[in-house]
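Chain naming follows the written order as A, B, C, D and E, and within any one chain the residues start at number 1.
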Amino acid sequence: MTIDPITLAVFVPLFGAIAAFVFPRAAVWLGLGAVLATCATVLGLAREVLAAGEVVTPLGGWAPPLGISLRADGLSVAMLGMSAIVGLLVSFGALDALRDLRQRQYFWPLWLLLLTGMNGVYLSTDIFNLYVMIEVIALAAVGLTVLSGTKDAVRAGLEYMYASILGALLFLMGVGFVYLQLGRLDFAGLIAAEPSGALSAALALMVIGLLLKTALFPLHFWLPAAHANATAPASALLSGLVVKAALYIFLRLTTYMPLPDEILVTLIGALGAGAVLWGGVQALRAERLKLLVAWSTVTQIGLIFLAFARAGQVGLTESWKAAALLILAHGVAKSAMFLAAGRIKDEVGHDRIADLDKSDIRPTLAQFTFALAAISLIGLPPSLGFIGKWSLMEGAMAAGYWHWVAVTMIGTLMSVAYFSRVFAGFLRFDRMRGELAEHKGWALADIAPLTLAVAAISLGLMAAPILSFIELGYPFGELP
Amino acid sequence: MNDPFLLFDLLLASAVIALAVATLSVRDLFASIVLFVIFGLLSALAWVRLSAPDVALAEAAIGTGVTGALLLKTLHHMRFVTGRLGQDAAESVTPAQPVPAPVIWANAALCGLITLGLAMAFFAAPQAGPGFEALVTDAMPESGVTHPVTAVLLNFRSYDTLMEVVVLLAAVIAVWQIERGLSEAPAPALGEIWHGFARLTLPAIVVVGTYLLWKGSEAPGGAFQSGAVLAAVGLLLLLSRNYVPRPAHRGLARWAFVLGTGVFAAIALLVAGGGREVFEYPAEHAYSLILLIEGLVTISIAVTLAALFHGREPVALAIEEKRHDT
Amino acid sequence: MTETPFLPLIILLTSLLAAPVLFALPERAARLRTGINLGVAALKLVLVGWLSWKVGQGVIYDISFEVLPGLEFKLQADPLAILFVSLSALLWLITTVYSVGYLESGPHRARFFGFFSLCVSATVGVAMAGNLFTFLIFYELLTLATYPLVIHRGTAESLRAGRIYLIYTLAGGLVLLLGTLALWVLAGTTDFSPGGVLEAVVAENRLAAQMLFVVLVGAVGVKAALVPLHAWLPIAMVAPAPVSALLHAVAVVKAGAFGIMRVVYEVFGIETAQALGMTAPLAALAGITIIYGSLKAITQDDIKKRLAYSTVSQVSYITLGVALASPIAAVGALAHLIHQGLMKITMFMVAGNLAEGLGVKKVSEMDGVGRRMPGTMLAFSAAALAMIGLPPLAGFVSKWYLAQGGLDAGAVWVIALLLGSSLLNALYFLPMLQRAWFRDPTDADAPPKQRIGWMLAAPPITTALMVLAVGGFANAPFSPLEWTRFVVAIEYQE
Amino acid sequence: MMLELVATALITLGTVFFIAGTVGLLRFPDIYCRLHALTKADGLGLALIALGLALMADGFGEVFRIILIWFFVALASATSGHLIAAHARRVDRERET
Amino acid sequence: MTPDLIYGATGIAVFAIGLIGALCAQDRLRRVLALKLCSVGAGFILVVGAWRIPPADPDPVPHALVITGIVVMVSATAVALALIRRLHTLEAEDDD
């Protein structure tokens, strides 16, 4: 029995989830083992992709359009890799962050199902299959959102659930229209299709659904509360990884079914700009640390769409590469930041920004980690976020779209402003009620977020190999 | 075309639309749910008209039956919780911030536009155009079953179906997670007649469910419809308190939830190798493998749907009683 | 001819790798921390010495790797870089000694020295950046590493100053990013190369090139404290004395001035810049900054504020020398990069000592301090007189060359400017000397607030001696001035 | 032919009963009357339709299935009618107290 | 005029009604109902797409997809309803 790593990438976390659910007492170890095994699988797949450019497996031996095949190229493996590695580190972070036994028992199966769903999305070549996968993600993600069980979390989780279902149903409606027009649902069919009214409608439905799921302004309404009220590891997964799945589908779709009009590209860019500005304003006003971080996710999603629109329709192929870099950068940095924020909250006992400097406990290493992650999110060199922003602005400039450059710069300044609110809370010492408490300033639990944050910074110097890897198999539409 | 059924179609379509509007516009939530159930059944009828009996069965059993039961249970729970606080239980139970009228109109206009666009796109799309049917016909001999829908679900696109069962699994895990420690609204006393009814129907339902499963390989029916019907057994048992979940049953329940998914996935992997892909059942065993998978998936679906209805994970009674006291 | 191509990288890494170790050390491990600090600083100085020797012999160091297609991270050790690297390596060692003394009992020492180390790495990186992209990376790192130092005290005031500092420098960094991008888009390279990389662009699109000049010089001008972008500098003086010394003499302001050199000489090329008509306005701006800074300095009573405005003024000599577009003025500018560093670091360390030892923070409190801290005040006097431009001290040498350059470039107004500026320098430094030496202490019997240890006393005296030496032995081989001539020969492609 | 006529007549009659039941459901004043109309009329209507269909059935198997359908639907409607009435009575009592 | 056109229009109408409800409904439970309507609307479109002019058999693949969709939707509904129950209890406890 020899099984390709490409199928295992979906099956390993699935079996992990099953095992972790059936044996709740051993959930932690089974879960960790499954995530590790997923990492190994992805590594194996990466090797195959490096050798062959793309890997395709028709499941059940039925070739599309009748059957469903899995396909991996550079981009999908990059997304798989990001999920696996970020997921592994967040899993380590969860060991400490989830102190409640019941939370632990449910965290692992839900998280592994989430991983199953995400990996499934990254390997899928069939739009209906994508619909099922985003539902797997949605249910697992909502389960994780409300893991803390507080009223705010449940309320936010419900809001998230509504948005998720609606997004998925819009997508499903789009699938219906694709079928009406083409009589098939695989990507190859989409690529070959002539433009038509039904396909435009389908694209519109699917894109709106996906934008809702990925929380692009003004469809972001559900995100801040959901991400801010979840427990830290869940927030890290939701913000760092989950929103990327819908983004990835959007990327694939717009590559295979190009947006029919320049105006639409500009519109999406404008929504991105709106996200950057509105999210920035809200982050400036946020009273709690995790809420601020959640709003920063809104702005970062906007930034990714700015990158998408940076050079208009003509430059879409290149623009997607910039966006992909930003997606990876945000995935790593944001998960680090949420874990660090969770650590700070755990140590200090609250996460009210205005009162951080009153605390006589300073979890220094977590704060340092937070700052490192912020550097990447602000886009300061040499972080991956910086390289992403560089690519964004480079393309916009080369195309003469100075307005996108301006928005990016304003967004960057705003991010400096809202993150420095937090830094002030870390570094101010004259408002403490007493002496600085004897606190060693670090804990073993800081290692996972720190690793992520350091990765977010140093990956920037590896952008060239990353870029050449994600171009394997021509995911951005240049056919060989 | 002078199809005499067209009038029926038009009437049915208008009824479906009217019920959809009514579902969302009546004040009383209970009425709303009842209207929804009728809506679902009429939709199923429409699908029968469109020669989709499998879908109609699934919609009637799962989309309407199980969903309706879930909705009613939730309504009951909400009224119980609110009623306990001494408020008027008959009124809308969710504290609602009124949506400003302009927003409603804007949304309605937006939806109107969307509808218009979709309708235009729909009427411009090719009608009754070729789909997968030729491919399916060609592949049927190798599928191991004779009913095309079953062949699609459990062979050609079994990956989707596996993931669908995974969605169910995710749902039940999420629900158990969400309802940790939630106290239960006491079930209403249903009386002797009900118990007699339950006793009489239970075996019949089991027979029907099994029949549907068995029949699925050659005619409309199959794991999902059968699972839903069998889940009804669970519902009846739970409602009549003939079965009360105990903490000791948790382990068994977990196994039952994952049984279908696990075996389905395991078989998918095990058949691979020797030039065969994952999910590629050897033709000579395809029928038995599909039947095995369907059988186990049915059990999982039935148990899972019943568990979704029951909601919270069975917990120790002591905790439960304590919660009731407070 | 390349021998050990990794030498620049090693120099960069010495302090960069020391930083995490210093962060991780527990507060109590003071001895170990000091050992690492001094050891690494000394090691770096030795390595830099070796590097200078090699570069003096004509070895070219150049290491690079691709970050994005075509875009490289590039370190190079050209003579101009050596000039700045040597300055920072030398002064780092001295400032480290001083900081150890200064912060002996303060809180957060691990954090302080970690960022201190990072700050020096960033400076070295700025110096050795082989293209504007790499320059940008270290320029931003410098901002990030200095911010925690500026707000080290953690008071409301220092946080406010830190915020202003951060806003100015990060906005400047953002504009630099914009300029770098524009350069990359326009020229297809961001490499530093004598003579510039923009000739083709200038021929094609003069306006774009001019705008690019404004953007780039404006961006680095923030750190160089060119008026009107200087406001952060006087505010940032709330930082501890060693940090101020670092900011004013070694790292931040100098990185800005150095950036102006790189931009004018190696991005545009002096001839191109001149042809664009951008040098004259820059020179005028520098002139305005020189006078404005001096005038503001006169009105300050706070010693550190007065010194800060003095920096605003003095650093612009460098800009002026660059903008005059005359090789002789360039020699003056480059020499002033070193000279001003030595003079100003002396003064800030002295200011720190006065505050620590005597509690004197204002000029009006300086009566008779010369008698109470003679060594320290001698150092201060030497630096102040040099700053005014008393021959043969360091300041005189640079001003002399600047004046000659002015004549060379046909800008006679420069002479007047320099004379006026020297007069103003005298007006704000001499009263301080007069109070220190010729007035009786107001409370002569008051015991010193705290004894000044050798770690605080020795560094300013050392740097003061250097001030004397670089002036007195200006023409000796390997003196800054000699090296400067070497650099200018390259930049002017003679 | 004859059979078909009879069957059609039965089904039509059944439908009339159903309609009558529905009118009753909509027009009668309180829950008990409504239930009365509904269960009675529908029970009869169902039986008539089932009978009509059974006459037209292809074979014994189909007849058997129709009988089963009739049996279970009648059972379910009787039970649910009872449950609704019982519930209504309980609510009424609660309201009185 | 053929049934597929009639029911296709019905599906779109139902979807739109559900959409309005999902956006405007004030009541939590009713929003779930609205979403459920959307899913039925989408189901209509797929079933209509599968329909072929009578002597021909319909395409079984969309049928399978709709069945999958129905099961997925019931799962999502169950989770949403569980959240509603939980939230309602939490809010009620809060008011005590």
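We take it that contacts are C-beta pairs under 8 Å (C-beta built on N, C-alpha and C of every residue); 3 or more make two chains touch, one makes a residue touch a chain.
Small disclaimer: the values here were computed from a predicted structure and weren't measured.
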Task: Minimum number of chain-to-chain contact steps, chain C to chain D - done: 3
Task: Per Cα centroids, the chain farthest from chain C - done: D
Open item on the list: Measuring from CA centroids, which chain ends up nearest the centre of the complete protein set?
Closed with: A
Open item on the list: What pair of chains is linked by the largest number of C-beta pairs in contact?
Closed with: B-E
Open item on the list: Distance between chain B and chain D based on Cα centroids, please, to the nearest Å.
Closed with: 27
Task: Whole-Å gap between the CA centroids of chain B and chain C - done: 72
Task: Separation of mean Cα positions, chain C and chain A [Å, integer] - done: 42
TODO: At least two other chains touched by the same residue of chain D: list those residues.
DONE: none
TODO: Could you check chain E for residues that touch two or more other chains and list them?
DONE: 15, 18-19, 28, 39, 45, 48-49, 59, 61-62, 65, 68, 72-73, 75-76, 79, 83-84, 86, 91
Task: Which pairs of chains touch, using the document's own definition - done: A-B, A-C, A-E, B-D, B-E
Task: chain B-touching residues of chain A, taken from the complex the two chains share - done: 1-4, 7, 11, 14-15, 17-18, 21-22, 24, 57-62, 65-68, 102, 106, 109-110, 113, 116-117, 120, 126, 128-129, 132-133, 135-136, 139-140, 142-143, 146-147, 149, 154, 157, 173, 177, 179-181, 183-184, 196-198, 200-202, 204-205
Task: Complex contacts: residues of chain E adjacent to chain B - done: 1-10, 12-21, 23-30, 32-34, 36-37, 39-40, 43-45, 47-54, 56-68, 70-79, 81-86, 88-89, 91-92, 95-96
Open item on the list: So in the complex, the part of chain E that touches chain A is made up of which residues?
Closed with: 15, 18-19, 22, 28, 31, 35, 38-39, 41-42, 45-46, 48-49, 59, 61-62, 65, 68-69, 72-73, 75-76, 79-80, 83-84, 86-87, 90-91, 94
Task: Complex contact set, residues of chain B against chain D - done: 188, 190-191, 193-194, 197, 200-201, 204
TODO: Flag every residue of chain B that touches chain A in the complex, lowest number first.
DONE: 117-118, 120-122, 124-126, 129-132, 135-136, 139, 155-160, 163-164, 166-167, 169-171, 173-174, 176-178, 180, 251, 254-255, 257-258, 261-262, 265, 268-270, 272-273, 276-281
